[in-house]
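Paired with chain B in one complex and with chain C in the other, chain A is shared by the two complexes that follow.
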Partner chain A sequence: LSREDFQRIPELAINPLGDRIINAFFPEGEDQVNFRGFMRTLAHFRPIEDNEKSKDLNGPEPLNSRSNKLHFAFRLYDLDKDDKISRDELLQVLRMMVGVNISDEQLGSIADRTIQEADQDGDSAISFAEFVKVLEKVDVEQKMSIRFLH
Partner chain B sequence: LDYQHVQVPFEITLWIMLASLAKIGFHLYNKLPSVVPESCLLIFVGLIMGGIIYGLNDRSPPVMDSDIFFLYLLPPIVLDAGYFMPSRPFFENIGTILLYAVVGTIWNVFGIGFSLYGICQVKAFRLQDVSLLHNLLFGSLIAAVDPVAVLAVFEEIHVNEKLHILVFGESLLNDAVTVVLYKLFRSFCEMPTIKSVDVFAGVGKFFVVGLGGVLVGLSFGFTAAFTTRFTKDIRVIEPLFVFLYSYLSYLTAEMFHLSGIVAIISCAMGMKRYVEANISLKSHTTVKYFMKMWSSVSDTLIFIFLGVSTIGENHEWNWPYICFTVIFCLVWRALGVLVLTFFVNRFHVNTITSKDQFIIAYGGLRGAICFSLVFLLPDFHRKKLFIAATTVVILFTVFVQGMTIRPLVDLLAVKRKRESAPTVGEQIHIRFLDHLLAGIEDISGHWGQYYWKDKLEYFNSKYLQKILLREYDQPKSSIVLLYEKLERKHAIELAQAGQLGHGPAHPSFLSSSDRTVITDQKLEDTPNPDVLDNMQEILARNLYRIRRTGPAYNRHTLPGDSEPSERAKEILILRHKSL
Partner chain C sequence: MFLLLPFDSLVVNLLGISITVLFTLLLVFIIVPAIFGVSFGIRKVYMKTLLKVFQWATLRIERGAKEKNHPLYKPYVNGIIAKEPTSLEQEIKEMRRSGSGKALDTPEFELSDIFYFCRKGIETIMDDEVTKRFSAEELESWNLLSRTNYNFQYISLRLTVLWGLGVLIRYCFLLPLRIALAFTGISLLVTGTTVVGYLPNGRYKDFLSKHVHLMCYRICVRALTAIITYHDQENRPRNGGICVANHTSPIDVIILASDGYYAMVGQVHGGLMGVIQRAMVKACPHVWFERSEVKDRHLVARRLTEHVQDKSKLPILIFPEGTCINNTSVMMFKKGSFEIGATVYPVAIKYDPQFGDAFWNSSKYGMVTYLLRMMTSWAIVCSVWYLPPMTRQPEEDAVQFANRVKSAIARQGGLVDLLWDGGLKREKVKDAFKEEQQKLYSKMIVGSHEDRSRS
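Let's turn to the complex of A and B:
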């Protein structure tokens, strides 16, 4: 699959985060994704089954654990992959989500407030741990789950 | 002394006064509401009053007239419930709620009816003249869970939002089923023979009643929204329209033998979004307060009347029948919940745990609706038996189940609701996840709930908002609104702290003249916000999500009212230090 194939989905064209979601499917620097890669990305959204939780605590975490789901979302924010959401990256996402008619200053204030609420180590950016903490009260497991193929 | 002249309004006012004073009395003793739910206390007061009246007059006290109940006392409560219903959890769980309401109620009705008929066959109880049809009729009125009672009890125990909305939504929506079944069986009682055509007509009638109620409600809701579009110059009567249209929708639905409760709920939910955008801030507050006030008064009056009506000579105490009624109510509800939840869990990601199931089953309280329905029964020789049984069931559920549900919730450690409000950051991230999920669903071709949300939002922005909103060019995303609300609070706090003078010039986020300006660190003046393109914000529902610190629905307080000011002060002080 190439990027054009994804862009042919009409609903994605009007989704504000469409481009970023498409990019998330493609591994670093490549322009094609095969079925395996496609599946791996979608696997993040599998619901968490109860019997899997107690299985394999020593092995690598399954792709659809809460932490990996959040990591997937985090990577959509973090374009330069420095493991932090800087103010600019947040601004970009906000701009995409609220449209063209809020002024930059307002958006900047909102972004500042968001960072201020989340920031605990004072670096004016949101690290992954802080991101997790902000969303700790949200039921991410249920929200980011789609029951495929049932 | 001209008592005859003022008798009726005088007595009504006295009853309402008694109800309100009783309410004050309970809240004076801090310990009492935590042990005994308010509804029990109110019934108790009613019992005392009934006893007094009975002792004075030596005849039965005035029984609560079913007309008064259905026409005057019930609508405010249901309107209040529908208006403040948190729509997002409601629609996310709508499938489950409908399943419980429709299938569950039918299951309960037939189960209770048939098993009571079986009891009547036993010769020792001397009940053989109660026919199957009578039992089914009785079953239909006793099986329905009552929203008033559920509300009264559940709001004090603060379970998690999903559980609350399940039980609550079910109690509201099963009215449609109850109405149909009750009327069906009642007309069957009067018909000499019953053909299968009649049964099918009954089934068809159910759909008519339910969907008709929704249609009536929605049409009144949209008319109300449309009307408020033009009320810019007469702000004072704006709240009146909300109430008038809702009440009209209820009465119209009742007139056509449709479900009034469903109508009034759909009216409230449909008009809420547009009306709140059109009316002024003060009118909005007025609407909220009046609704809470009326529903509070109604609620109290209903319970007191329940107590009063219990005393008297209306009862025939056939203890085996009564006891078995109570037992069957519990048993069939538990079975119904178990079976239905089993099916629900196969199709849904987030399962309903067995603890939740227990609370749902145990929270099936019966209340005043059953009571009024039983008084509406045609007079036949066993009516008093049914009245007695209904009274006992209601008293049992309210007292026993109502009082023990809180310790049981604590004992089972049911997941409680989260106590804090969403921050701006959270809201942004949640919205972000929504978009993400919608995109993934589109990629995988999966028609999940986000798909329908998308469609609804598209329809809304393209057609409805143009017609129903006065200032179509002013819709704002909920993120900006939340931020504005927080900033407004800060401004108020700053003004109170007397520091407004030396702040820098502030950009105004708000355009209408009756809102205060905000202080901030930025210096520029921004122009008025222009048209927000809502097409990009397809998933932004809940335009006016108010920051809330308590449960989403509460009988006694308005949403968003309970002490955010302390928090705002702290945040403000911290920010000022960081400046």
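Let's turn to the complex of A and C:
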């Protein structure tokens, strides 16, 4: 699958974050994704089942755990993949989401406020741990899961 | 060597007799009823037998799959994932409610908002409403055509034999028959209309022209073994009106035209289609456009208006979707035909895909391949509903009127009513829609700054 194939889906093309989502499927530097890669990305959205909590915690974490789901969302914000959401990155993503309807200053102040609230170690950027802390009350499991009909 | 001679002549005799018998049968059972519009009901019996065979075949497959513990592939009509139809605002409010204890009325931005877009995007990648309309519908039970079978494994000898028999019947018996009929139909159409064209204009000419057209379309209908059920025939389109229908394939034209007398609208083609078009125009006025003219919408609208205002001219047949859709849904109607202001007679066409899927996937098959596929299916079964006429109300504009007609057609035919443009088959979506979504979201977060500036 290439990026153009994804862009042919009309409902994805009108999603303001469509391009970021498409990017999430393609690993670093590649332009094609095969079925395995496609599946791995979609696996993040499998609903969490109860019996998985009792599984062996020493093994590698399943792709659809809460932490991995949060990581997926984190990667959507983190444009340069440096594991930090800087003010610029947040601004860019916000700009994608609102288009031309909000001025730069307004957007800037929204970004500043968000970083202020989330930032705990004072580096003016949101790391993954801070991201998790902010969203600890949000029901990630339910919001980031897609159920298949049987 | 001497023994061969009498044998030879015997074979030739038999061949000659069988061909004559075949032709007489053809004439009596198919062409003559076509001329008078009468039906012997043979096709209905054929359809009932086929249904019984299909049911048996499906049961057999399911039983075989259970025995061998193979998971059966079952197509889902309504989509493969559970989607909740909530709006942007609802979802985001819900997320914030669970996330933070802040007041819900102050609009502001939260990091969790991204979840909404993310999830919506992934859902559409898994299963979206639009792209699946451009490929053939998937069937729930098998109809003995290998082209529709997704479980194609060896299940039982009887099933394979039945399938083989089906192939034999379809390709060796039905196909030549249908091709012969189609050929007869088309040549009769061309010659008939040319001949009628030579007569002087008048009532006699119209009468003959109408019957020549009807007769030839009926022969073509039989050529495809199309079993059509017409509903509500009292609502059939009248002179000076526009007939709109949902579009699944070029066969729609034949199906509608065999029950009524319409003026066609379309592009001028070359080749065989061109010959047919030119011949048809001689007998009665159709509206054929040059390709260059199609782009000029005003010219098109003007010609259509002229045609419609002349009360003696026939109702125009238009397919406002502009492209073939796979008959599970109705896509956006182009507003051009609704701006003219004539009475609109909506018609809903629904094919039964069990006997042969009539959808023309024009990016996959050319016209000839498509026709061959049609002729090697079991039959084309469809229902045609004539809906009561609609006119544009003074307070609605063309787009709203088009949508109203579209909903009526979708409701009648049991199809999904979509707002997407059928042109998305080949083109990308307009940016305007993306901007709409962006606007909606920005409303949710922009209020925060206003609050701030006030305090």
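Following the convention adopted for this analysis, the second predicted complex is superposed on the first by the 149 of 150 C-alpha atoms of A that agree within 3 Å, B and C clash if a C-alpha of one lies under 4 Å from a C-alpha of the other, contacts with A are read in each partner's own complex, and residues count from 1 in each chain.
Methods note: a residue touches a chain if its C-beta (ideal position, glycine included) is under 8 Å from a C-beta of that chain, and two chains touch if they have at least 3 such contacts.
The model shown is predicted, which means the values in this text are computed figures rather than measured ones.
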Clash or fit: chain B and chain C on chain A? clash
Once the shared chain is lined up, is A:106 touching chain B (first), chain C (second), both, or neither of them? both
After lining up the shared chain so the two structures overlap, which partner does A:76 touch, if you call chain B first and chain C second: first, second, both or neither? both
Which superposed partner A:128 touches (first chain B, second chain C, both, neither): neither
Scan A:8 for contacts with chain B and chain C and give back first, second, both or neither. second
Chain B clash site on chain C (candidates 9-17, 63-71, 81-89 or 351-359): 81-89
Touching both chain C and chain B, counted on chain A across the two superposed complexes: 6, 9, 11-12, 14-18, 21, 42, 45, 73, 76-77, 93-94, 97-102, 106, 109-110, 113-114, 118, 131, 134-135, 137-140, 143-144, 146-148
Under the touch definition given earlier, write down the residues of chain A that touch chain B in their complex. 6, 9, 11-12, 14-18, 21, 42, 45, 47, 73, 76-77, 93-94, 96-103, 105-106, 108-110, 113-118, 131, 134-135, 137-140, 142-148, 150
Contacting residues of chain B [partner chain A, same complex]: 347-350, 418, 420, 423-426, 428-433, 435-444, 446, 448, 454, 477, 479-480, 483, 486, 507, 509, 520, 522, 524, 526-527, 529-538, 575
Taking the touch rule as given, give the residues of chain A at its contact with chain C in the complex, in rising order. 6-18, 21, 42, 45, 72-73, 76-77, 93-94, 97-102, 106, 109-110, 113-114, 118, 126, 131, 134-135, 137-140, 143-144, 146-149
Touching residues on chain C, where the partner in the complex is chain A: 76, 78-82, 95, 98-100, 108-126, 128-131, 420, 424, 428-429, 433-439, 441-443, 445-446, 448-449, 452
